[in-house]
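What follows is a single structure, written as structure tokens, with notes after it.
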Amino acid sequence: MFVLVNLKTYPCDPVEVAEAVRDVDRETEATLAVAPQAAHIERVAETGVETWAQHVDPIAHGSNTGGTLAETVADAGAVGTLINHSERRRRLADIDGAVRAADRADLETVVCANNPAQIGAAAALGPDRVAVEPPELIGTGTPVSTADPDIVAEAVSAAAGVDGEVSVLCGAGITDGEDVLAAADLGAEGVLLASGVAKADDPREALEALVEPL
Amino acid sequence: MFVLVNLKTYPCDPVEVAEAVRDVDRETEATLAVAPQAAHIERVAETGVETWAQHVDPIAHGSNTGGTLAETVADAGAVGTLINHSERRRRLADIDGAVRAADRADLETVVCANNPAQIGAAAALGPDRVAVEPPELIGTGTPVSTADPDIVAEAVSAAAGVDGEVSVLCGAGITDGEDVLAAADLGAEGVLLASGVAKADDPREALEALVEPL
Amino acid sequence: MFVLVNLKTYPCDPVEVAEAVRDVDRETEATLAVAPQAAHIERVAETGVETWAQHVDPIAHGSNTGGTLAETVADAGAVGTLINHSERRRRLADIDGAVRAADRADLETVVCANNPAQIGAAAALGPDRVAVEPPELIGTGTPVSTADPDIVAEAVSAAAGVDGEVSVLCGAGITDGEDVLAAADLGAEGVLLASGVAKADDPREALEALVEPL
Amino acid sequence: MFVLVNLKTYPCDPVEVAEAVRDVDRETEATLAVAPQAAHIERVAETGVETWAQHVDPIAHGSNTGGTLAETVADAGAVGTLINHSERRRRLADIDGAVRAADRADLETVVCANNPAQIGAAAALGPDRVAVEPPELIGTGTPVSTADPDIVAEAVSAAAGVDGEVSVLCGAGITDGEDVLAAADLGAEGVLLASGVAKADDPREALEALVEPL
């Protein structure tokens, strides 16, 4: 299982969470990674954790003031990037462009989407992974695998119908190891989570509880 | 073949073009339709021509000032709508929402996209048709079927790989009947065109030349 | 006072509301107008009511599929347009472009904004009027003139400080004549309203109650 | 004079340019600063140069995946931020929100705009400075102070008419010290530049030529 901890713009200490993610990754079979804000990628990557960007733009080197360039987040230490997170929905043409920009910079890609139809669409663009996150469950603590298991199974099926090489992550409401197991049972090969770790009093403890049943 | 004449915001007389489209439609096996601006849908539909909207928003009845509601363009006389034209690129989630809004209002849908990967993505959202329009050819008079025939064949293949019921139109640079035949030979079931008719000195003559070889 | 009834994408009969607005306009000193969706402008304008667009894009005749062209809404019968309504916030450069597009087509302009600072900014772009609508009050039935009278007075002052020729309207939560009088007392020269009329069981009665104290 | 070097997403070495900016700043009366990409802010700030962000979003700590938070760029070492650069035009409400976010994080602000009307609007939002950059001159090497001196003088006048405390920078096409002097003569208190330094074979030499006449 792949467990990606998205720090969003939460007021956590990104290095403290990164060190917890790094340490728990070493203790488990699962692969753990963390996605800080762009301006924190460098200090997070220096901890040795697997570091992801939260977003890249569909741009190349050039006149793009304020843009997030795939090559630059890679240079700062990222090895992958989220694209089209529900808090940063993009145009279809720009998701396509961002996947290609990430490929160019050797970044792995996870394209997020709301529902099985959009997961099929995302898979058609050739990312490494897609992630299904029903917007109404984000941040609720109610895991999608419990609240709406069919959506995960249908997302797995939709991705497989379009491109059998694209694996599916499951996001929204994941808080403990049972949620992760439930997602795996539905065919997901990983989870996206955020507040359950980044807002935990003890992020390390939260992560250990998460991977314990694996 | 389906021939959709997009009037964009050209300074043509929409009723004059609509009457030409209506009359040529009656003389040929092909199905011809016209897509005027929203504020002109009613007067265009009154000519009896098959009328399409250029865009609908992913919204329902409610507080959406300035939005283009599927039910309202249908009420004004439209029977279908373009979505995600290259001059009005939308977010993946909003293309999905617009297709569902159009379905709700019984509008046919054509989702436009730039390249075969995006055509596959568009097809995954369940529209009636998709249209491939390489942005670099729009308005050039160089038909995609000549400039880059592979893109049409690959788009047809990408759509079929995702959903065999979604037919493919071909846009950008179509000006005469040879272009339409070439598109058909590559597997397209119709064409989108704009300036070739809307900016013609004699739109009726341009349309007749277009459908003559069919 | 200027009273502009915004029909948004409500499921009302636009012609029925338009006729009520037209009739009440004839019975009162105030100027009443109605803003239907673009595809309804033509049939609304045919009632003889003063008709406004809900939005125009910062574009000219040309390749702008799905765009709302100032000249076209004018051709359909509109004499003015809202710009930057809180449900359709635009880029600063595009508000500027839309005001100039509306001027070019002889449409009057009302640029909406959230707060006094943005009202000052909007006034600097040279519209005919600006409208202050605190987003948190829209659709609440709590009039801004009661809930937050300072915001109206400060908006009037901000506009006057930038351009003394730009008058200020007041939106959000206006439902009866007392609200209109209160707005006038704070320096507003008109009101924007929507649900109070468009969702009323009897739009004519709602309008009459609104203008009765004037 | 304030000289801000915008590195955009150019393929330059940000630390090499930063060191040149820092060193030339120490040799001259002018204040020099550099604006790298967000993921490079930390390493640029470590050189001791005055470091600016290219953009911040109108957001606070919370669920904003992919957003650029003012507090985070400040934490990484930035002391100011551009807002609404012509390559990243924002909604009026979001420019307002970004200025307030930057204030909250003690970042200085420069709001960019295309023309004198928009400069007046930008000044009404209370930034520290505004910058006028006619889009058609960006990257041309033709300085706005030569190509269109009136636009600079009118921008200075528009800002002063709205808020006398907001100073005006001048961007687009600045390449040498004569351009900077010409801008100063027109009332500008600084310049924005990008390719003239970031793409120079020897950024230090380019900067020295720029500040030499001051």
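Worth a mention:
Note that the chains are named A, B, C and D in the order they appear, and that numbering of residues resets to 1 at the start of each chain.
The working rule: a residue touches a chain if its C-beta (ideal position, glycine included) is under 8 Å from a C-beta of that chain, and two chains touch if they have at least 3 such contacts.
Not measured: the values here are computed from a predicted model.
Shared contact partners of chain B and chain C do not exist in this assembly.
Look at the CA centroids: the one farthest from the centroid of chain D belongs to B.
Annotation: 43 Å between the Cα-based centres of chain B and chain D.
Look at where the CA atoms of chain C average out and do the same for chain D: the two points lie 36 Å apart.
Chain A and chain D have centres, each the mean of its CA atoms, that are 33 Å apart.
Residue positions of chain C touching 2 or more other chains: 86.
According to the touch criterion at the top of this document, the contacting chain pairs are A-B, A-D, B-C, C-D. Contacts from chain A toward chain D in the complex involve residues 6, 8-11, 37-43, 53-55, 59-69, 71-73, 75-76, 78, 82, 85-88, 138-139, 194-195. Partner chain A is touched in their complex by these residues of chain B: 84, 86, 89-96, 113-115, 117-118, 120-126, 158, 161-162.
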